[in-house]
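One chain, chain A, appears in both complexes that follow, with chain B as partner in the first and chain C in the second.
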Partner chain A sequence: MPIETINLTYKYNPGAAFEKTAVRGVSLTIPDGAYIGLVGRTGSGKSTLIQHFNGLLKPTEGRVLLDGEDIGSDKKRLRDARRRVGLVFQYPEQQLFEITVEKDAAFGPSNMGLSAEEAIGRARESLRLVGVPDELFGRSPFDLSGGQKRRVAIAGVLAMRPGVLVLDEPTAGLDPESRAAILGNIAETRRRLGITVVLVSHSMEDVAEHAEEVIVMSAGTVLTRGAPADVFAREDELRAAGLAPPLMVSVARELNRRGFSIPRGVFSPREMAEHISKELRDCLKT
Partner chain B sequence: MRMAQTLGVRFSYTEDGAFALDGVSISVERGEFVAVIGRNGSGKSTMARHLNALLRPTAGTVLIEGRDTADDAETWEIRRAAGMVFQNPDNQLVATIVEDDAAFGPENLGVPPEEIRARVDKALADVGMTEHAKSAPHRLSGGQKQRVAIAGVLAMKPDCVILDEPTAMLDPVGREDVMATAERLNRDDGITIILITHDMDEAARAGRVIVMDSGRVVMDAPPREVFSRADELARYGLGVPQAAECAQALRALGFEADPGILGGAELAEAVSKLRGSGSLDADRDNQSDI
Partner chain C sequence: MLKDITVGQYYPADSPMHRLNPRVKLLASLAFLAAVFIISGVWGYALAVAMTAAVIAASRVPVPYLFRGLRSILFMLLFTVALNVFFTPGDDVVFSLWGLRATASGVAVAARTCVRLTLIIVGSSLLTLTTTSIELTDAIEFSLKPFRPVGVPAHEIAMMMTIALRFIPTLTEELDKIMKAQAARGADFDTGGLIRKAKSFVPVLVPLFVSAFRRADELATAMEARCYRGGVGRTRMRPSRLYRRDYIAIVLAAFAFTAMIAAGRIG
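For the complex of A and B:
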């Protein structure tokens, strides 16, 4: 279920004194099954762009296609897009409201017209998928920890069985353990359901570790896209867009300046240690 | 002089519930830069809110420059001395113009107008926002908004600024903006900084790191020492800075790398030295594994 934007432009308050073009002329494709990391400074247009993927925002100019069909062409397509492209907003736990965890996660599917039983069935399935233990299903979502609340909110979106899951900063404000766990849950969910994932993040380390492709936005346009190893190697371009590459990229550059030959695309500290170790030992042998 | 001291502080949000703080005793000297880390729900923010009398202990005592937060008569002086900046930049700016926002605190204290003018100008200069003095806060970036929030605290002439996850909602440039501002205030003006954060690299920039878990202080030491204890930190749901993780992985592979390495440049330097000295003797047995 590819998403395609054609010449997409979005203006806030068009025609008014405070008109602001948030996205300008963006044409891109999110291929089926991809794991995309979407990065860029605050105000670069990421959040505005993703709200077009399921029709929450209507383009000022241009079109959005889902499976080749314009989602703005009629109400049925729009409704369809809302279900098939699941959007998880920043701090989604602020939108939890039901009396139990499973009822909260069942809200989306029951809204789609499924029976209460079916809706709860889907909710449970989704909750398990993102690692919420069964014994919490009957508890109030407000009694849970920050990381668990966020999982419940993600499960609520997954319960709609979307083909594309778009997450806006899903780990903001979480401790390192919860961050790693939630990103692990998302990767596992993608592997099991074969869904497309778009991860909006300010953490280049998280994007480097999980995404197969990176899209960099700057001032409402797509600055560059490609494999993490290529995109994160273009340090100057990234810095001009207000971003910094993952720390290990800078370490590799510094080491290579001193005669090492660490290859591109080494992002994790452990992997870096293995490369360093190998080079040091090779160097000792000669 | 002692900036802040907590003595056996316990606190419960509910009548009979669990203690969010369960016997916290810490002491912060004037001029220190202290980071507080801990998993979600460990009590970090609850503790921070005790330091400017937003919360008062269920048991125990909190002293700010010797003043007891339990004493109502001291509340305003305590809030002046220890100002607080929160996570969400959009929830703490109150005025429609940046300089009015920075003036809000001293106006409330009844400071004379000319004195307010001088304080606001200095506060905005201290956070590098002078050129935005007449701007509307909503047109600023997240990092700029946080700097305005810090200026609002500085206009109260505080001795201590408490930052509760000030960078959580910011992009990398905004984060660096806020961190650099905090470091400058600490270094140049001697303002005590207490930084609550989930970012281990930010915590590594402090002079001292306090680790909290289940409402208690479980570690309290300089960053090099705290972050060289990765296994212990993992038990508290925490990690170490990336450079430290790499150095520790190198150690596990048999190299003499300092586990207290905190930054990328330091790591690169240490690795170059390893090659220079050819010091592979730490653990030759590991060689077969590679």
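For the complex of A and C:
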């Protein structure tokens, strides 16, 4: 179910003194099954853009096509769009409200008209998928840790079985361990369900490891898009847009300046260590 | 929809009204409200309207913007007018509608009430439109001070108002965000009967309250960390001062209110 935006522009408070163009003339396609990292500094319009993918915001100008069809404003179509494109907001744990974890995760499916048992069934399935242990299902969501809460909230969206999962800064405010775990969960979920993932972040680090393609936004427009290694190599452009390339990219650049030849596309410390030790060994041999 | 309400909002501009001392403005507004209740006769009303028009001009608030706020009370206004027109006793029937008889004295009362209500709303809107919430609470604290000996917690009331005003936009923003997040999970806020609609707000209100309490808690900690202990011995960064323009305003206002009330007695 590809998503396509055509010349999409969105203005907050149009016509008022506080008018703000958050997205200007963005045309892009999210192909089926892709894992896309959408990056850009805070205020570059990422959140505004993705709220068009499921019809929460209506374009001021331009169009949004879901499966080649305009989302429009028809109620049934909107509802369908919300189900097919699952949108996880930033700090999604702030939307939890139910008495138990599994009931909260069942909110989405029951809004789709499923029976209570079916909804709970789907909720449990999604909770397990994102790594929430079974013994927490009956607990109050307000008693969980930050990382667990966030998983519950993501499961609540997954329970609607969307074809596209859009996550707005899913790692914001988490400790490094939860951050890595959640990113791993998302990649694993995508592999198992074969869904499209759009991961929004202001940090290149978040998307370096798993994303197949990176879209860089700056001041409401798409600055560039491409394979992570290609995008990260354009360091000056990124810095001008207020972004820093992943740490390992900078390390590789510094090493190469001092005579190493680390190839592009090395984003994890382990890979980096392997390349360095290999080059050092080769060096000792000769 | 929430943005349409202009009563109680601030309109940033640089005008003589904006520069006036907030304490003078508040007390003058109160005096104006009292005067509006006392005035009588065509000349009294005419003077009040003229004076309001002069203040609007001096405030540099665009007239359409000012009157947009009146839309929210239009219903109340019409209701009051209808009530007065049809339920004022008298024999001087002007016309009748569905068995209800409108009397000439009713129409007169309705017209007076309508002008009075409009003056009151416009007058108090002008105060808030030209005064920031910080200035306003300072003025309120000042005018409540004389009642402190009888147990009115002037400082606490002012502090509560400052905090409430500060958090209205924050909570509105948050409400918007939570509603969107639940809509993304298929929540539907505008179909079904009243009960279903009320129920659909549970997923919005619970997170909103949770967050409001969390914010309140954090704010309390932050205030304590800065040694807040009420108003005793507290000084101001910008002490309120009266300039020449304020004295002129006081004299003008006193003159205008006296004229308003006197006009009714004479004419």
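General remarks:
The rule is simple: the second predicted complex is superposed on the first by the 285 of 286 C-alpha atoms of A that agree within 3 Å, B and C clash if a C-alpha of one lies under 4 Å from a C-alpha of the other, contacts with A are read in each partner's own complex, and residues count from 1 in each chain.
Following the convention adopted for this analysis, contacts are C-beta pairs under 8 Å (C-beta built on N, C-alpha and C of every residue); 3 or more make two chains touch, one makes a residue touch a chain.
Please read these numbers as outputs of a predicted model, since none were measured by experiment.
In the superposed pair of complexes, A:S178 makes contact with chain B only, with no contact to chain C.
After overlaying the two complexes on the shared chain, residue contacts for A:S126 are found with neither chain B nor chain C. In the superposition on chain A, A:T196 makes contact with neither chain B nor chain C.
By the touch criterion stated above, A:F89 is placed in contact with chain C alone, chain B being left untouched.
Contact with neither chain B nor chain C is seen for A:S218 once the two complexes are overlaid on the shared chain. Note on chain A: of its two partners chain C and chain B, the one contacting more of its residues is B.
Chain A makes touch with chain B in their complex at residues 40-43, 90, 145-147, 172-179, 202, 204-205, 242-244, 246-248, 250-251, 254-255, 258, 260, 269-270, 272-274, 276-281, 283-284. The residues of chain B lying in touch with chain A in their complex are 38-42, 87, 141-143, 165, 168-175, 198, 200-201, 234, 237-239, 242-243, 245-247, 249-250, 252-255, 264-265, 267-268, 271-272, 274-275, 278, 280, 287, 290.
Those residues of chain A that touch chain C in the shared complex are 13, 51, 54, 56, 79, 82-83, 86-89, 92, 94-97, 107-108, 111-112, 142, 156-157, 160.
Against chain A, the residues of chain C that register as touching in their complex are 3, 177-178, 180-188, 202-203, 206-207, 210-211.
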